[in-house]
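Got a structure here, written out as structure tokens. Questions coming.
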């Protein structure tokens, strides 16, 4: 009897995880559907003008506010790209050095230090980006005659890239270590040097797995909130220039929801539509990325 | 500076290849090991090994597992350099040149001494790319007809050409185990080595695939000096001209294969080949 | 044909490339810590000014037989101001007087009141007090007193002159800023502190710990020890792994729509904050608890079954205690992550200006990382060092939690 009761409790606990997922999906879809009653899906996904502010006045709900999310998607992509340009080479090369060259002692120091980078709260990165990096980049730009916006995509992306280095390096490290030594020996036995072996045998064998890791990193960058809220722009700006200020999906969610307003104005509902888009994008990236990583982590077991 | 000298005095010149093969014992050995000791982090693995290996023949190294035969094999092309804490003393020469000489570049050395491993280890690339790998890194041929020729010739010599000629771009890992091992042999001979070291090449294969590899070894000895480590005495008897018996890190006895297997001079060898130790 | 020499040269280049990548990453970390510590340590130091306050009966308007109520009703502001005026023996106009009062902090009168209320015997005397200086004086005092730093603060030339006079009179010191640790958020940087935010974080983490521990560990036990391997458990597993990678802000949206919108829980409350953080940490706790349970040798289970224990007894008497260190480590790491999380808290309204620490779970509260976010947005320059100071407090907490986890793991790995 007790046995069955405990089993029932355990089972219901495990169902909580399912309820959370259902809760997320249901709340996002429900609120987003209400949003799409006033704004067409087509305008949301393909519109290039984002100015939700004008919808603040109650008598104009949805009428004059523009909810074309393309500038947000482009801004998110731009900042994520900058972040990836920083973190992918640094992360992968760190992983190569750690797994192929570093002594055990060096490894035992460097790995925890990299973990620290991953453990620093994002709000701290945000502060750092806004207070240190952004002004520095702006001044640097000015000194060489380039106009760098104070809230440039570059500053936010750069700091976000640093945040993602440990994610990429630890996944790459796992994947590179999973490449069997017999391949390295085969190559060295043919007279290849160490770096030739790494570049022409180890890396090609690890590449798909590393790519999976990069997908996970992109997902993290896309969903990252605090760095961009603090260091990126607040107003939509459709541009591919990393020196200009752009805004992102997550920034707009925060901007739309942190004022004092009624719960069901188009502005609030738009945040849920953005949330739904964010959830879908990161979900797809995560599922594909983690499948690939899993496969290549275990392929030689 | 050291590397520069290596370059000027290339080990790659293959002087003996075109000379007629001979069994004459007076001919200098292809490889001569004298007083070779190997230790791993201070623990002695092989002790004072002296062995001459004749050109263009198959020499088999046999012995119970852990006897040091693989360790010795890996000294010849300095693969032991890759193992941390591994120390080799003594002298090994290839065509009278010191393999461990300060002016020797292992990259060039390993081009001359190819190796085939216990577990078939084709790279996760196409069949073609596997064979082309060595010639590419050594710059012997990088593209076009030259490379195609090398790939074809190597696959033909390894007895694999007919089986794979229509699917050179297929992934090598899709081949059967025996085919993969023959591909590894093709990969090794594509760089035109003098010597091929084989470390239990058939241990992961079924008897039919093993038979094909053994036939192949027999063919290859007309062009290459082959040193093979095997745990199978039958295999050693079948493929080798000379056989060396290792026991507890020492070279016990080396002689013509038929003598080792029929009338060894050392008691330990006799015990091993008759199956009472192993 | 690439020469062997070239090939070896490329070798070293490639190795250096890897080393450079690590060096760059490490120098980011170093730069980062150095600049945060460099900015933030100032938050723990404050400037105080010594003033001689005239507390004679006549001056403060008290009878000799005063009650505590009378004492509380004294105008400490004017007491502070007249003490300031006696420091500068000049005749000042109204505007200049105001500039003079601007040297002392906005909270000085309350400091004085608290001291006098605690020591009523001071009434009737003239006593020297060290009271907190204003944020501008504080910044100038800490900044090296150069021309440039004077320009960066909003001090006038006259104020700087007074400052120098006080300084030569040994009436200005730097002291440890307890207010920063004991005070709550304020519009005035010199009295702002992190205590209120720490209490909010503590409440939210408490809720988060209770929920995610209970649900997380039991889920892990169910999946590892009870559930059959079937579609349902597979689905659960995939689901949990995916939840672990969902952006944290999504959990905030869930909290907003369901906890606030549907259940009508109070906005800005640490209860809701804790619930949202629990949703976010749950996958981490489940995954690490499962790893800990998997590490328990199967022989333990067989031994327990062998002496006739039921499955529940086996699991809760034998397996879970053995896995406990691993489970705890996972929980601590999950909590550390929850402590640093900001975005979901913004969604449920924990961004309000909170001047008093919350006393229960449903009161509006702030949290340490949210405080960092709010202060980072403040225009006053003095808040920049407060922000970095709050970050240091946050990092110290995280460091302690992680160290604890490491020690726990080391201790039980043996």
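Going by the order they are written in, the chains are A, B and C; count residues from 1 in each one.
Quick note on the criterion: a contact is a pair of C-beta atoms (placed from the backbone, for glycine too) under 8 Å apart; a residue touches a chain by one contact, two chains touch by 3 or more.
What you are looking at is a predicted structure, and each value in this text was computed from that prediction instead of being measured.
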| item | value |
| --- | --- |
| Overall pattern in which the protein chains touch one another (line/ring/star/complete/other) | complete |
| Chain-chain pair with the highest tally of contacting C-beta pairs | A-C |
| Distance from chain C to chain B - Cα centre to Cα centre, in angstrom | 65 |
| Centre-of-Cα separation between chain C and chain A, whole angstrom | 25 |
| Rounded Å distance between chain A and chain B, as computed from the means of their C-alpha atoms | 50 |
| Multi-partner residues of chain B (at least 2 other chains) | 107-108, 137-138 |
| Touching two or more other chains - residues of chain C | 7-8 |
| Per-residue multi-chain contacts in chain A, two or more chains | 193, 196 |
| Of chain B, residues touching chain C in the complex | 3-4, 6-7, 105, 107-108, 137-140 |
| Residues of chain B that touch chain A when the two form their complex | 77, 79, 82, 106-111, 114-115, 117, 119, 121-125, 133-134, 137-138, 184, 187-188, 191 |
| Chain C-facing residues of chain A, complex | 2-3, 6-7, 9-11, 13-14, 16-18, 20-21, 23-24, 27-28, 30-31, 89-94, 96-98, 100-101, 110, 113-114, 116-117, 119-124, 126-128, 130-132, 162, 165, 169, 193-196, 198-199, 216, 219-220, 222-226, 229-230, 250, 253-254, 257-258, 263, 271-272, 275, 278-279, 282-283, 286-287, 290 |
| Residue ranges of chain A touching chain B (in the complex, touch as defined) | 180, 182-183, 185-193, 196, 200-201, 204-205 |
| Partner chain A, residues of chain C touching it in the complex | 7-8, 10-11, 13-15, 17-22, 24-26, 28-29, 32, 35-36, 39, 214-215, 218-219, 221-223, 226-227, 235-236, 239-243, 245-251, 253-254, 256-258, 261, 279, 282-283, 286, 310-312, 336-337, 339-343, 346-347, 349, 351, 369-370, 372-373, 376-377, 384, 387-388, 391, 394-395, 398, 402 |
